[in-house]
Amino acid sequence: MAKRKIGLPKRKKKVSRVHGKVGTAPGTVSYLGTKEKGDSVVYVTTYDAENVSSKEYNRVEDILKYRKETKTSWVNVVGITDEHFIEDLGAGFSLNNLLLEDAVNTDQRPKIDEYDGYIFGVFKMLYLNENDEIVPEHTAMVLMENMVLVFQEVKEDVFGGVRNRIEAKSGRIRTRGADYLFFALLDAIIDNYFLVLEQVNHRIEITEDEVYADPKPIVAQHIQQLKKEVLKIRRWIFPVKELVSRLIDSESPLIKHDTKLFLRDALDHSLEINESLQIYREMSMSLMEMYMSNMSNKMNEVMKVLTIMASIFIPLTFIAGIYGMNFEHMPELHYQYGYYIVSGRNDHPFCGDDDLL
Amino acid sequence: MAKRKIGLPKRKKKVSRVHGKVGTAPGTVSYLGTKEKGDSVVYVTTYDAENVSSKEYNRVEDILKYRKETKTSWVNVVGITDEHFIEDLGAGFSLNNLLLEDAVNTDQRPKIDEYDGYIFGVFKMLYLNENDEIVPEHTAMVLMENMVLVFQEVKEDVFGGVRNRIEAKSGRIRTRGADYLFFALLDAIIDNYFLVLEQVNHRIEITEDEVYADPKPIVAQHIQQLKKEVLKIRRWIFPVKELVSRLIDSESPLIKHDTKLFLRDALDHSLEINESLQIYREMSMSLMEMYMSNMSNKMNEVMKVLTIMASIFIPLTFIAGIYGMNFEHMPELHYQYGYYIVSGRNDHPFCGDDDLL
Amino acid sequence: MAKRKIGLPKRKKKVSRVHGKVGTAPGTVSYLGTKEKGDSVVYVTTYDAENVSSKEYNRVEDILKYRKETKTSWVNVVGITDEHFIEDLGAGFSLNNLLLEDAVNTDQRPKIDEYDGYIFGVFKMLYLNENDEIVPEHTAMVLMENMVLVFQEVKEDVFGGVRNRIEAKSGRIRTRGADYLFFALLDAIIDNYFLVLEQVNHRIEITEDEVYADPKPIVAQHIQQLKKEVLKIRRWIFPVKELVSRLIDSESPLIKHDTKLFLRDALDHSLEINESLQIYREMSMSLMEMYMSNMSNKMNEVMKVLTIMASIFIPLTFIAGIYGMNFEHMPELHYQYGYYIVSGRNDHPFCGDDDLL
Amino acid sequence: MAKRKIGLPKRKKKVSRVHGKVGTAPGTVSYLGTKEKGDSVVYVTTYDAENVSSKEYNRVEDILKYRKETKTSWVNVVGITDEHFIEDLGAGFSLNNLLLEDAVNTDQRPKIDEYDGYIFGVFKMLYLNENDEIVPEHTAMVLMENMVLVFQEVKEDVFGGVRNRIEAKSGRIRTRGADYLFFALLDAIIDNYFLVLEQVNHRIEITEDEVYADPKPIVAQHIQQLKKEVLKIRRWIFPVKELVSRLIDSESPLIKHDTKLFLRDALDHSLEINESLQIYREMSMSLMEMYMSNMSNKMNEVMKVLTIMASIFIPLTFIAGIYGMNFEHMPELHYQYGYYIVSGRNDHPFCGDDDLL
Amino acid sequence: MAKRKIGLPKRKKKVSRVHGKVGTAPGTVSYLGTKEKGDSVVYVTTYDAENVSSKEYNRVEDILKYRKETKTSWVNVVGITDEHFIEDLGAGFSLNNLLLEDAVNTDQRPKIDEYDGYIFGVFKMLYLNENDEIVPEHTAMVLMENMVLVFQEVKEDVFGGVRNRIEAKSGRIRTRGADYLFFALLDAIIDNYFLVLEQVNHRIEITEDEVYADPKPIVAQHIQQLKKEVLKIRRWIFPVKELVSRLIDSESPLIKHDTKLFLRDALDHSLEINESLQIYREMSMSLMEMYMSNMSNKMNEVMKVLTIMASIFIPLTFIAGIYGMNFEHMPELHYQYGYYIVSGRNDHPFCGDDDLL
């Protein structure tokens, strides 16, 4: 159906997935997303002020050796469909199973959990695909001593800017530790929300133009679609402010005081995003009002035409009804082609050469 | 009447029950539900890491011997219509009468009460019956030293998953105590809310399709029904988040620190459920708006047809009124069958063989 | 006027009362209600585990002797129109004049005030009168050492259940002190709110049926009436939750720890009542929406009939206008009774025996 | 314009006043109200338990001598347009310039400020003028040691009750200090809000009757006016609750513990007023709903008439169009006066004696 | 398009700017506004109780010498498009890069950040341009020891009043330090909000008059525009209250106790502004209601005309249809000019001299 075309890609039918999950023990690591099963690829970048090196691995053992690394490591796991891989990796890094469950549970809402020795966060990376649809991607990040471990469903370039800054020798990121990397990745996700909100704003303006131009029934569906979309995005984005604020208040030794200054900046952005969301929500709601008022206007126009037509011709018809065709002096009646003219017909007359006058 | 068919089973007429309750002393144990009187059956499962045993009892004395049990016991009382049985059982376990009153009061809202030596919780177990109607079932749970005492109205398989995990030797549940069992049962109830919410979502989508397809009066009633249903489910589910959060903050020695990590997970799920509820509530409210806008659209369509018909034919009728039948050249009038054709009749002509021209 | 019939009894015109009150010193004891002046009657019940005795008095001196009573006394003052009586009684028990002012001020909102040596509460007792109208009755209660002093406008049997439990030797109430009596009376008031809410629910359902059945203008007034009623009841009931919660947190030695367990139960009920109120409020608000949608539906139906009639007959009339009566073969015209049949008349024809064919 | 007649007196055009104020230094004492420039008159009442004396002054020096007065003094400055007078007076009592600015700034919202040695409050005195319009009057009060200094725009009798109680020897006010006087004046202002709210309620009822009786366009404007009025009154009254509550929590030695008991009473009244305001606000908002529903009803009625007329006469006209005037047996046609009867004319016939049959 | 003419100047297309910003490191100083690149001009005013001097500079070095100035300096940087200039200046004063980023980021929401040694604030200066449009101007202020550093996009005279007060020897501002200057500038910004709100109020009244006078479709767009405008202004103004309140609670030695008294005054103004905003928001929302009700009224009027026309003429036409032209006594038919009169034509008759009777 056409009605869902604007906005988010089609709602995934997740009935069976939920059914499959209900009743299992908590801490069961099972992938709930829609991606096809496949191997995980792990991209590891290690750097300090002097050096950067990037490698790609497929096996858990190769990654575990980075546990002892003193440089800062960014371990980026792409593909979370292989639950055994995730479980082995988690075991290798002594991560809690509840954490791993959330890392691969694509329905998990954004959260920050502090464990002994590591901080775990789930965020929704939002980006626009080639059709300018807003695509949510589940992202889990673990901040450990000298390491940030990231779980992604697919390899997206939202983190591209961070990678570039690491590779550029001059970047501040090179001289700061894993906590700054954690912040930088989070900041990249939040920055991307601005692009998504711009797209939402763009859609609101397009729909508003539709409302002004021609309030057809389909426009009401577009508005409804828009409202749902804002509701959904809100669900993914709204908690982030609270989470960043919790990171700032955290007393974990993993986050250095310097980095908190940057987190305060990220908090600022989250606040701004939440305010925008609120405004977009109110705007999408008042679109329906506009639509209704425009429709009433159209109805008014239609009714006015009807009333004018009726007010002119009904009395005339009445007058014609009384006197119309009985006047003795009606010149048109005697024209040969009178009937054809009045009835708007241009076919050849039955008896073209008759002249009865 | 058909109007209540969608959604919850018919509202129970509870006037007399409330009347019966008003004026009695607090702590009076009286069943307020709609189930027929019957005997309670008690299923007792005791387990530790090595062994599991399940038994079924009908008499209070048999159950009381589990008071001294050092393994973890799950005492599941099914059927709470027999108030004497409940009172005797409560007395045997030294439970407060106010607790027993709430345990059998099916109108009791979800709650957590901490007493000396035990923690008491009331929850609404929601499940879908064979007609996919959402059925609320009153469930009370008491967490004691080495024991969880559960009161249910009927034997439902919402707890089936927990039972399976206990019977499976490998399950983590076997090595953890009564507090983990309490959590596991609560988690099973919360997990089931996801299924119920999915059903609500499904109904919203069906009703939305009805609204788009044909906004008949009955659809407005469906929407109203849906809104009421969401309001009711909200009442049962919404407090759970607060209650789980209170369990986490509890300083009772009955809840071990390890289990709180799992409760935090349950809290997460409650949060997600409450967010979904909020979204469903807004969606059900905007359905009415959509309905009204579609109805206005339909009205507009009808009015346009009327206006077009009137705008074309009223002036024509006026013109016809003046000139119509008096033109001297109207070929149709002289056809033998003209009248029958124009009036759309196909009966045999009165005088079929006349030819007046 | 008929429009106020559903719901509460007619709003009392209280202009003059307010005018009379404005400008007086605070602490001035003046009755503001609508009851006619009359003597106060005081019912005193004293009891302990062994004995109960009930007496009736008219004079302040008789009551003051209970100040030294060591059994629990329930002093129930019925009729608060006699301000001198109230003032003398208050002076006898050393009660603050501000308290007495509130005790007889029927406009006073629910409140709890702790004084040295006594706790004072104002509540609205709501009950259904013989016409099922919801009647609010001002009730003030003072909890003192071994005594509860109650001020009522009229003798209502809301407290009947408590009286019965006192008279029944077995009741727990007999062995507990004045604080439990205070709780029991408060609990009786709260319990009665359930009956009132049931009545509200009943009215919402009746009005909903009216909306579905036939959305006449009077129904809109019923809805408006209902909304106002819920607003008013809310004002009386809503603060109670907060007040009970304050009693629980109170550090006054007048309330024993045991009784707080029962107050927690009352708090639970208040919470449930407030939730119901909230739901009824939303339901009464969505009734108006339903009404509007049904009215739009009716309008749609009417418009459709009009459009169908017009779409069929206006073109036909046009066609008839052109050809109608000029066809040479119109059998009906030649029937003798044609005119009478078509015009639906059955009077005797002017010239019954003519036959022109 | 008639549309602003209900409700508040015309909005004052204050553009120039605001423009004049913007850019000046804070603490600049400049009167912003609409009263004409005039001299201030100062009424001083001093009293203790034994004596009362009232005097009237025009010069600052006369008032400053009361600084050393040990009795309680009520210094009532009426007229605040003379900024020099106010500044001199303020300097004499060592009052902060920011305070004086607020004292004469009639746009100042209600506030309580504690300074060293005095407490300053701004309140809006609301009263009904002779046309029952609600008039706000700016009132500033300073509580000092043994003195209450009041600034009023005009001499209003809202404080008349307090004056009477001071003059009556028996009043409690005579034996209590300046803090009780401050409370008594504040209480008088709050008491008057009840009268104003009653007037608002009265207007809501009148407008409601208009809505029920005849929903003309002017009624929509009345409702809009009412909503604005409630919004404005709310702005003046709503903060008072918070301010009284702050006075109660104040640790200033100027407010004695005894007086706080009375302030608690005033807090109670403020709470009640805020609740009423809330209810009136909801009622004024639902009036618009009622209006819309009644208008829809009227439209329905009109449409039904139209549809009935059309449904009856359009088919008849069609039938008449086909057969009407061609029946050979139409007795009316042959009556001499038929035409005059059917067309409803009663003028004398052109040729009264013609008989063509 | 005409629809955006009322209200704010056209929304700037900022897509590319956001795209440019996303992915850069935090602390990157890049101007995001719409002003054209240009040199910054720095106006420096130094003053103490005795002397004032004002200078204008273009180079960073000239300004840095004021770091050691013991008089109070107001360093006003006008033009923030030259990022290198800003970075150099910031480096010279040892300002954090995150601060500089916000100083030139024109999308930054209002904020207060305390750093070691300085306090940083971002505010939106709102003023009316020559077309009475509301123009937001990004303003950043840094309070340092003896200095306030201000960054502005353009030189606006909102600060003109402050400049005048500095130049006037008598002003209090001369004897107080940099913190009072910081307050005075902030107060000037807040004071200007009153003018902007007045303009908003003015627009609401104009739109309200449009709604009352003639609810054309364009008026609905004006209302929508107004609602958006209030939403946007709210976003810029609303946080200020919170920020001022934070300044008051700040424990920074940079803000003296005396100045906090003045900040309390500014807080008061912010509160008043927020209340006004809230009221304007509700008023702009109820405008749409008014509009809808007026449109319904117009529709009602149109329908009534139609119904009256139809109710009068449709039955008459029917009657005319039956009897109309067949009466034998219709005098008009025999007039020579009857046809021309009834049809309202005044052309010369075809056969003016014919007389068929």
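Letters A, B, C, D and E mark the chains in the order given here, with residues in each chain numbered from 1 onward.
Rule of thumb we're sticking to: a residue touches a chain if its C-beta (ideal position, glycine included) is under 8 Å from a C-beta of that chain, and two chains touch if they have at least 3 such contacts.
If you want to know which protein each chain is, UniProt gives these names: A, B, C, D, E = Magnesium transport protein CorA.
Since the structure is predicted, the reported quantities are computational estimates derived from the model, not experimental observations.
Undergrad: Among the other chains, which touch subunit B and subunit E together?
TA: Expected: A.
Undergrad: For subunit B and subunit C, which third chains touch each of them?
TA: The shared contacts of subunit B and subunit C amount to nothing, since no chain touches both.
Undergrad: What rotation angle, rounded to the nearest 5 degrees, superposes the C-alpha atoms of subunit A onto those of its identical copy subunit C?
TA: Copies differ by a rotation of 145 degrees.
Undergrad: Mind checking the centre-to-centre distance between subunit B and subunit D? Centres are C-alpha means, answer in whole Å.
TA: Each chain reduced to its C-alpha mean, subunit B and subunit D end up 47 Å apart.
Undergrad: Can you check how far apart subunit D and subunit E are, centre to centre, with Cα atoms defining each centre and the answer in Å?
TA: Inter-chain centre distance comes to 29 Å.
Undergrad: Two-or-more-chain contact residues of subunit B, please, as numbers and ranges.
TA: Correct list: 292, 296, 299, 303, 306, 310, 314, 317, 321-322, 324-325, 330.
Undergrad: Just say which it is for the chain contacts: an open line, a closed ring, a star, complete, or other.
TA: Topology of the interface graph: a ring, with each chain touching two neighbours.
Undergrad: If you look only at subunit E, which of its residues touch subunit D in the complex?
TA: 160-161, 164-165, 171-173, 184, 187-188, 191-192, 194-195, 198, 208, 212, 261-262, 264-266, 268, 271-272, 275, 279, 282-283, 286, 289-290, 292-294, 296-297, 299-300, 303-304, 306-307, 310-311, 314-315, 317-319, 321-331
Undergrad: Spell out the part of subunit A that touches subunit B in their complex, as residue ranges.
TA: 3, 14-15, 18-19, 21-27, 96, 98, 107-109, 111, 113, 217, 220-221, 224, 227-228, 231-232, 235, 288, 291-292, 295-296, 298-299, 302-303, 305-306, 309-310, 313-314, 316-317, 320-321, 324-325, 330, 332-334, 336-340, 342, 349-351, 354, 356
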